[in-house]
Amino acid sequence: MLKVSVDKINDLFRAIAATQKLYLPVDTNAGAQYREWSEGVTMSQALNTNRSAKDFFFPQTENLAEFKMEGKKIEVKPQVNEYEDYVVFGVRACDAASFAILDRVFLSEPVDTFYAHRREHGTIITLACNRPAETCFCTTFGVDPAVPGGDVSAWQKGEELYLEAQTEKGEKLLQAVAGALSQAESEDIEPVKAAIRVMMEKLPLAKLSLKGIEDQKMLDLFYSDKWNALSESCLGCGTCTFVCPTCQCYDVRDFDTGNGIQRFRCWDSCMYSDFTKMAHGNIRNSQMERFRQRFMHKLVYFPENNEGIYSCVGCGRCLAKCPIHMNIVKVIKTMGGTENE
Amino acid sequence: MQRIGVFVCWCGSNIAATVDVQQVADELAKEPGVVYSTNYQYMCSQSGQQMIQEAIKEHHLTGIVICSCSPRMHEATFRKTAAAAGLNSYMVEIANIREQCSWIHKNKEEATEKAIILGRAAIAKVHLNAPLTAGESPVVKRALVIGGGIAGIQTALDIADAGFEVDIVEKKPTIGGKMAQIDKTFPTLDCAACILTPKMVDVAQNEKIHIYSYSEVESVKGFVGNFTATIKKKARYVKEDVCTGCGLCTEKCPMKKVPNEFNQMLDNRTAIYIPFAQAVPKVATIDPNACMMLKNGKCGVCSKVCTAGAIDYTQKDEYIEQQYGAIVVATGFNTIKLDNFDEFAYSQSPDVVTSLEFERLMNAAGPTGGTLLRPSDHTHPHTLVFVQCVGSRDISGCGKPYCSKICCMYTAKHAMLCREKYPDTEVYVFYIDVRTPGKNFDEFYRRAVEEYGVHYIKGMVGKVAPKDGKLMVQASDLLANDQLLIEADMVVLATAIEPDESARSIATMLTASMDTNDFFTEAHPKLRPVESPTAGIFLSGVCQGPKDIPETVSQASAAAAKVIGLLVKDKLTCNPCVAESNELMCNGCSACEKVCPYGAITYSDKEFRTPYRTTIMRRVASVNPAVCQGCGACTVACPSGAMDLKGFSTRQIMAEVDAICK
Amino acid sequence: MEKNEKELAQLIQEISGLNPKKCMKCGKCSGACPAFHEMEYHPHQFVDMVDRGDVNRLLESKSIWMCLTCFACVERCPRDVKPANFIEAARLALIRQQGCNHLKDEAVPPLLDEEMPQQAIVSAYRKFKK
Amino acid sequence: MQEAMIKRAKELLAEGTVNRVMGWQAGEFAYDITPTVFSSADELDKAFVYNDFCSANVSKYMIKESRKEGKILCFLKPCDSYSFNQLLAEHRIWRDNVYIIGIPSYGKVDVNKVRAKGVTGITGIHTDGPNVVVETIYGSETMVKMDVMEDRCLCCKSKKHMVYDELLGEEGEVLQSNRFEQVEALENMTPEERYEFWRSELSKCIRCNACRNVCPACTCENCVFDNPASGVANKAPSSDFEENMFHIIRAFHVAGRCTDCGECSRVCPQNIPLHLLNRKFIKDINELYGTYQAGEDKDARGPLTNFTVDDCEPSIVHHRRG
Amino acid sequence: MQVEETKEFKPTIVAFCCNWCSYAGADLSGTNRLNYPANVKIIRVPCSCRVNPMFILRAFQRGADGVILCGCHPGDCHYTTGNYYARRRMTLLFSMLDFLGIEKERTRVEWVSAAEGAKFAATMNDFVATITKLGENRRLEDIRCKKQ
């Protein structure tokens, strides 16, 4: 366990930024957003960033290949990226937990090399949540915001920031910046952890449980007539999917640049009417089906295929951002999720 | 993938001198889809065209690009060439490398480069061309003429002469219009009735012409070649086919104090009436607002005296639906109301009259039997003042901003007739400008001044005040820089004319455009003066703008010629480059309909299939290809991109943009 | 600060906010004018003079003070030229030329009536001198 | 107001005038209100709310709802009624199937503004006179309502309903609003400053399409941005240009039809002031072609489907302001 | 000489011309041999009202440095009212581009009749000069479409 005084935190940042790029949440007029640290940049005190941290490994758009055309000749040029090491500071437990879910998708065979490279080069420093918000329900999915995970975990206690490596990568990073840190005891942060857990208990969604859904048959859930009412006012926008740390669907598109074709991938949303549209048409024609797909995927299909792991980490972004305030919590409750006593 | 052929024309040295045609052909040959590329001295020549046709056949070309002069020159030529070789004419695109390249650029390298880019743009476009077939729509061989004045009469006669059926719809009980009210005509001074009434008789006797008098057009649907009009035949309470026009009823009718509109209300008529002796059809009409029988069921005299038994108090308005290939608007004019012109004392003294009233006062068939008498005391006037431009050329909002065109001449006519018939009268004409452009017009006016001694005074009347049975006319004499005070017996106002009040609603019905003065707009002010921009609608007479009789008649005949030109066709070939609405994307918002200048877009509620065997009703637009002229206004108004223009589709234009900016 | 004739004409146009070019020289204003015979220059001439920039004669003339401002010409004018407004503008332009005084000091004594009360003279000065 | 609305809704349901009620449903934390269709008195009792967080404009739902069997009761706030009227003008709503009750709106509270005051863990919020009291797991806080009101409500254009079958509460007036101030401020900047401003704003866009999908003027069956044949379709802001293009075309397509309800900015998860683009068009239209308020008169011709012979030339843009 | 010329900035200009007036006007300037720079490339459209704002943006995206729209003089439209609608649309679009900080000089509307060959050439010369002075389009470009 190491520590640094909060008023000297820039020394730590400086030390990290000396060898690689450092990203951390910064206050902007669009809430907290990850920005590259440079001298003078201060870290946001917000609980979480507007957009999730998945952007680091899975950016919204990414070039895959290019087809150069000259007259009738076509040349295929695969996308070659140069990857550099980087550090993300201030990731919360929920987002850190989301990486494991993304890994299951992108790192299983066939491995998504773009994702794998970015994942490999990134070091995550997480930060425990001292002031959780009402929209938080990470505990429902077994995430403990007092033990935030990542390559390095950090806790803030008063004017001190405590850091502890969780992985080899984290170990290496902390060693490299050891000059900016001083030794500390693990017990020092126990009160912080305890306080966080107390706060988590008080949250309005603390007792949310999926037990009631787990007990139901998949097809019963699928054919439930409750979906109609739930999806009735859904606008079909992609806000929930785009701010979600675990949504990982993308579309591959070609863009005619006039000199050739740029093939790229970009985030897609199962809420969109043209999602997975094929030559024959669309498989999910109504917004109800699309809506159902999103939640069935997160709460039923994904755990079915992934040892019971839900594809939701309870970060609460969709609760805050949905234009009509329909969200996974309301879905869980309506579909039979119980209040855990 | 298209198989495209590129043909680069030298145009002798016109292109070849500044553009390296060989290089253009070589470069364009490298473009995707181009399977054949060549250049030749004169592509438009017989042998050039032959070359194109052979290439089309030999290389199975699906599209061709001609790099040559402006498409305005030879697009039609090359389209025919392609068609002759079995290729759809609309699979041809022209790259304009003469007018817009070789002729304006001196540097050969630059010009060649530009020619290549223009060629690429044309290739990009032709890639997206689709074969288009000009649609055909049948033509109903019958014309509708709205208005039975001299304009309508002449148009109808000319159309009927060519062997086509014509219907005249006239809202008054008789045809004849304003000309029937006029006494003499300028500049020849022959009597209007003498030249008009024979024409009216011709109309009545012409088998091809049907007159719907006392009728109005209720609605018009359809489009060029195929209009459906509903005509409302107002109840005249007299059986038209039975009435002999003997006029006995009009003599016996006890209701004798109905103002006579034919005589501009200067005298009275009976409740059952025939407007004038030569009326066509010569059939009596009962005025429902005046007839005692119709109002309170007490009277029935006309019915009793009618030996033919033509009176039918129970008659109802009748609606007739009829199809037409063309519609001619001949709605004519009226004199404006003089409510805004108190200074001329029109409402204060009966001796202040409009020129149309004056016509009636001078007319042998008029209220005074042709003797000029003052309406107030029926005495002979000795001093007459004519005021020109009353309400014309007025931008103050009281009158009309335009020149009414006919007043100068008829005022000269009136003045001259007065002096001729009554040499003891003094006649003053106050004018701003005297406008006499027309055959024998200026001579006519000068005769009034020189031979008849009419006092033409440049200036305007500022005030007319009735005083002791006289009219005190205060006016300026600009040339003498003086103010005059004339003691007149009568004042005649050359009142501005305006389109008939029915014109606006008819224009709406026909989706024909109008100007701010409610005159119909012509398709082109110089080159298509008798057509409305709306296909199949033609304009005759004053409804299009102020005109005198000779002009009206020439325009009427011109409109007839245009109508005949349309009706002789069995089918209309439509420009295939028209807008097309994709019903699947249309949301029925009406934006396109609002910007369409031709009324080519209509809406209907349609049932659409939705998933799981459900359906939904949606309002969608459809374009009538026979009416659409292909301007494309709707394509941009449409936010969803449901509306596209064939031949100039969004994708085609964007492909051109891409090729040019590459 | 004295303005030349052109500028004066311009000033009159500006004050009136009207366009003399719209006049079609019909003379209806003069035909309607009740004070026509009192004037050296007549309403239609005002407009024309302003248009041509020939305003010195006009400003020196008594005609502009003869206008009753009855607005007959304004009412009757078919071209919305409003001659009376030009006349009013001409008056204002003239006054501005005189340091905003309706009368020049030296012009006052000859106008005085011998029997005019003192008070009237004083109030006249108040009224006509700013 | 909420009680009166429920009472009236129940009456209309009971007498069979309507068979459904479009309203707002309570959520988890007082502020997360969802527009919902209620079909029974029980449902209304259970979850119907009308409070300072019922800001969603429900008029767009009427496109779909009015095509269903039976009549629906719809509560419209003044600004929603403009949108509704505009949709009527565009023949998108079947008027006969909607029963409208106009309800007043006293300005809605923006929970983001509450959060921006450092408040988190919100468990309840209620209005108390001019103040808003926020209950959180960390304690309770009181703030002035004006400070946390939605921006669009602070420059409200009208408290008057443009269309209704009946009214609850008092009818308001069209207001003199200062809603163009921000647009003006931008206009007064140099082009460079404006460019920087919009670049920094629009680069935040994640193309979630919330602005488009919530917009009551964006009712196309198939948006050009979703239609591969349109030539402009794209799913992601994959270049600066695409960001600009999306927002220019989005604003252009609703120009003359946008009622300035402000939903686009409300729902933007990235807080882009999108309404400024629409307002710029409105301001230009007002200045160049005469004041026009979309949704005010459903029979009026929109400014872009209309013209006058004496319209200004496009070069006016070159002459105006610097 | 040649080397120098290639260095010089040559803007790409797209001119949308309505078929009936401006395209004919452009032809006339050719017939009269009135020069204007070769960077101007004309796209023929039936009427100025066919030009969608999307076309203009597309041109900028693909590398145009200036876009000009030419149509019949107001009142002379072949389709009677098309250019009136185009006028409103373009006014609002240009104003919006200006609002976004994009150089307003890059877009222009000119009314050129079929008889105004000289005006067409003069307009193009002037427009090219303006754009050349303004330099490359940077604010509304799409980097993916840049020639590499």
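Think of it as A, B, C, D and E in the order they're written, each chain with its own count starting at 1.
The rule we apply is simple: contacts are C-beta pairs under 8 Å (C-beta built on N, C-alpha and C of every residue); 3 or more make two chains touch, one makes a residue touch a chain.
Just so we're clear, the structure is a prediction, and the values are computed from it rather than from any experiment.
Listing every chain that touches chain A and chain E alike gives B, D. Here the CA centre of chain B is 46 Å from the CA centre of chain D.
Centroids of chain A and chain C (each the mean of its C-alpha atoms) stand 83 Å apart.
One finds 37 Å separating the Cα centroids of chain D and chain E.
For chain D, residues that reach two or more other chains under the stated contact definition are 224, 230-231, 238, 304-306, 309. For chain A, residues that reach two or more other chains under the stated contact definition are 255, 258-259. Checking each pair of chains for touch leaves A-B, A-D, A-E, B-C, B-D, B-E, D-E. Only residues 30-32, 610-612, 658, 661-662 of chain B touch chain A when the two sit together in their complex.
Chain B contributes residues 516, 584-591, 594-595, 603, 616-619, 637, 639-642, 650-651, 654 to its touches with chain D in the complex. Per the touch definition, chain E reaches chain A in the complex via residues 62-63, 142, 144-145, 147-148. Put simply, chain C touches chain B in their complex at residues 22, 24-33, 36-37, 42, 44-45, 72, 75-80. Of all residues in chain E, those touching chain B in their complex are 12, 14, 19, 23-24, 26-31, 33-36, 38, 41-47, 49-55, 58-59, 62-64, 78-82, 85, 89, 121, 145.
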